[in-house]
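In the part that follows, the structures are each spelled out as structure tokens.
In the two complexes below, chain A is the common chain; its partner is chain B in one and chain C in the other.
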Partner chain A sequence: MAEVSFYALAALAVLFAMGVVLARSPMMSVLNLLGTFFCLATIYLLAGFQFIAAAQILVYGGAIMVLFLFVIMLLNLAELGVKAESGSGLFKGTGAKLGAAVAVATALALLITATADSLGRTAVRQRPEGIDDLEGIAAELFGRYGLPFEAISVLLLATMVAVVMLAKRQRRAGDSPAPTPSAPAKEQGR
Partner chain B sequence: MNPLLRDILVWLVKAGVVYGGLLGVAAGMTLAERKVSAWMQYRHGPNRVGPWGLLQPIADGVKFIFKESLTPDGANRWLFRFAPAIAAVPAMMTVAVIPFGPAVPLPDSWGVPAAFTNLSVTDLDIGLMYLLAIGGLSIYGVILGGWASNSKFSLLGGLRASAQMISYELTLILTILAVVALSGSLSLRGVVEAQPDFWEWNVFHQPLAFVLFSIAAFAETNRHPFDFAECEPELVSGFHTEYSSMRFALFALGEYCAMVVMASLWTTLFLGGYKVPFWENAPWFVCVAAFCAKTSLFLFLYLWVRWTLPRFRFDQLMHLGWKVFLPLALVNLFLTGAAVSYGVDLW
Partner chain C sequence: MNVQSEHLMILAAVLFAIGVLGFLIRRNVIVVLMCIELMLNAANLTFLAASRQHSGPEGTNLVGPVFAIFVIAIAAAEAAVGLALIIALFRLRQTTEADSVQEMEG
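Coming up: the complex of A and B.
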């Protein structure tokens, strides 16, 4: 039963993942990505990782995808998507298709490797002892992997600051060709 | 009768009672909303259908069913139809983990040994995570409904809803984490059992978290004074401008169900859930009554606030969320964590 559900979910996840790159509008891409995340969360559940599954839906489904939708709606990317689809540049269209094909092939290869590895045993591997309970996860995360965990959060923060700085510089350059000395000070003060 | 059959029966009864109760209370809330507003504005409110207008929700439902279901030109048909369902379903899924009573003894009958059953559809170890994860999905109904309508007002409503949800979910989760740190459990029943006595209620141990949670709860359920997704003076009706008939009713149902679930969560986290003040080991039906009473208190608070306070401005909402509530919630969580890990009892 678990094995059948696993393969069904895995196939569904691949289908959704293909939908992400093949969908015409960015909105549908995001919804397909959401579908992939749900399939993954269900696979985690099958393996017995309740907490990870809930975290997956909470973080990716509840927050990050909402942010994606927000950005897409804010920029009204639907029009952009159509333009790229019917783009005149042959190279551009081919590049996009090539990229999609590579992505799908990678995903398929990964899945085949993963399933081949688990064939002959159970499709869904049993969890290691003491990992599922929250205290076990917390002990691993803040004990053994404490430093990498914190380093990743600092890295994310640095990336965020860098992106904000880049976007600001670009906008400032775009807004006024010759920035007056008072303009940057005003920006900083805000 | 064999024990498995009994378990299935018990589970079916519990599920039926919980979902029937949720839908009943949600329908009742539509009437209560109008009655309470009438009371506050010195009017009568609905009083024609049935005694004291009690059958008004049924009349409304029948009316919704017979209305024409319109789909605007240029709308994304699939998403337009799908969105109301996404808005309504998560709230109905999350109610499953709310504990509304203690363990109830099942009598020794039909040759099945006596046993206990906990009063909630299911008790997950990660109940709070589940509730937050699934509850957070209802926002997709609002966003997709607003986007698929092909209307500027709807789009703006959906945009505002998504920004608002992301901002206030942070505060909500951080305040819940403070409570979790204090109770040492992610299960809702565990949180209730950690506040057995009146003075042990989290509202006294986490007053700041209680206030922040209360404000975030209004924003999370898109209720006045934070109902910017609808905001009729600016956006007509926001995300559901283009919806009619049962599709509109589903949005309303989702909103009221989300309110009921949020009020139960409020009770569970801060007011000791089904615990009866100053009466330990109260019989289970008194506990259920206490739970219902506390939840009604918060449901009334929703209506009270709606008909008393003016609406904020959207930039004020964002300012409050990111620059006031989020830092306060972080400080609160930090202090709680420090107090718990060093074993300091602040009370």
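Coming up: the complex of A and C.
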């Protein structure tokens, strides 16, 4: 059962990945990418990496997807891309339907796998705690890999500063030659 | 799950190839960034498959999961910086097409 769902999920992940590349509008690409992430998370779960699966869903499915969607909606790229590359009716109907299908399919896949995994564990295999024991990972992270771990935290801090700088600089540069009518009032208000 | 770890690696290779394909053929920088995320995911899957292959009954290999966590953190940072760059590019040019940015070519 777990093997069958692995191969089904692998095929689904490849299909979603093809969808990322082939979709006409960026919005469809993001939805397909979300499907790929969920398929991969379920595969991690099947392979016994529970913590990595949770991190995948939280970080990729939660944070990174929200970033992508936020930027696409902020820049209004959904309409731009469709207008530039194909007819305008594509996104409205099919996009919503496919998004719903993605959501349902991923939920279904998760449910099926959770069931299969728990059935397999109680019936056939006697695995102590799964491959992915959190204590061991924590010991590795703070022991042997303490320096890379701290380097990652510094990297995240540097990223935060860099993103703030990148997002701010253009606004200040654009202010002096041609100020928008609402910008000066806002600046005084602060 | 009794699937061989090689099959996980084959899946990772296929996903990586699709990511490279999209990276090469797409012009929209947001989609290019998504393809990079796809490739990072494939790398993660390879780490986990290798860890699975190298962990036996006597103990589990935890190097793969640890590096997968590192890759996830770096992917998040990369996505944030990339999207900030895209916003800056959009403010400058009103477009996200990579072909419209050609100053460095000389």
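One rule holds in what follows: the second predicted complex is superposed on the first by the 125 of 190 C-alpha atoms of A that agree within 3 Å, B and C clash if a C-alpha of one lies under 4 Å from a C-alpha of the other, contacts with A are read in each partner's own complex, and residues count from 1 in each chain.
Just so it is clear, a contact is a pair of C-beta atoms (placed from the backbone, for glycine too) under 8 Å apart; a residue touches a chain by one contact, two chains touch by 3 or more.
Just so it is clear, the structure is predicted and the values come from calculations on it, not from any experiment.
A.B. asks: Looking at the combined model built on chain A, do chain B and chain C fit side by side or clash?
C.D. replies: These partners fit in the superposed model.
A.B. asks: Contacts for A:Tyr145 in the overlay, against chain B (first) and chain C (second): which applies, first, second, both or neither?
C.D. replies: It touches chain C, and chain B stays clear.
A.B. asks: Touch test for A:Phe51: chain B only (first), chain C only (second), both, or neither?
C.D. replies: The answer is both, since A:Phe51 touches chain B and chain C.
A.B. asks: With both structures superposed, pick whichever of chain B and chain C touches the larger number of chain A residues.
C.D. replies: Counting contacted residues of chain A, the larger count belongs to C.
A.B. asks: Considering only the touch criterion stated at the top, classify A:Leu74 as touching first (chain B), second (chain C), both, or neither.
C.D. replies: both
A.B. asks: Figure out whether A:Gly62 sits in contact with chain B (first) or chain C (second), or with both, or with neither.
C.D. replies: A:Gly62 sits against chain B, while chain C stays out of touch.
A.B. asks: If you stack the two complexes on chain A, which partner ends up touching A:Glu3: first (chain B), second (chain C), both, or neither?
C.D. replies: Only chain C; A:Glu3 stays clear of chain B.
A.B. asks: Contacts for A:Leu40 in the overlay, against chain B (first) and chain C (second): which applies, first, second, both or neither?
C.D. replies: Second partner only.
A.B. asks: Name the contact category of A:Ala103: first (chain B only), second (chain C only), both, or neither.
C.D. replies: In the superposition, A:Ala103 touches no partner, neither chain B nor chain C.
A.B. asks: Superposed on chain A, how close does chain B come to chain C by Cα atoms? Whole Å, please.
C.D. replies: Closest C-alpha pair between chain B and chain C: 14 Å.
A.B. asks: Where on chain A do the contacts with chain B and the contacts with chain C coincide?
C.D. replies: 51, 55, 63, 67, 74, 133
A.B. asks: List the residues on chain B that touch chain A in their complex, please.
C.D. replies: Those residues of chain B that touch chain A are 76, 79, 124-126, 129-130, 132-134, 136-137, 139-140, 143-144, 146-147, 155, 158-159, 162-163, 165-166, 169, 186.
A.B. asks: Which bits of chain A are touching chain C when the two form their complex?
C.D. replies: 2-3, 6-7, 10, 13-14, 17-18, 20-21, 23, 26, 29-30, 33, 36-37, 40, 43-44, 46-49, 51-52, 55-56, 59-60, 63-64, 67-68, 71-72, 74-75, 77, 80-81, 117, 120, 131-133, 136-137, 140-141, 145, 148-149, 152, 155-156, 159-160, 162-163, 166-167, 169-171, 174
A.B. asks: Flag every residue of chain C that touches chain A in the complex, lowest number first.
C.D. replies: Listed in rising order, the residues of chain C that touch chain A are 1-3, 7-8, 11, 14-15, 18-19, 21-22, 25-26, 28, 30-31, 33-35, 37-38, 41, 44-45, 48-49, 51-52, 55, 60, 62-63, 65-66, 68-70, 72-77, 79-81, 83-88, 90-92, 96.
A.B. asks: Residue numbers of chain A touching chain B in their complex, please.
C.D. replies: 27, 31, 34, 50-51, 54-55, 57-58, 61-63, 66-67, 69-70, 73-74, 133-134
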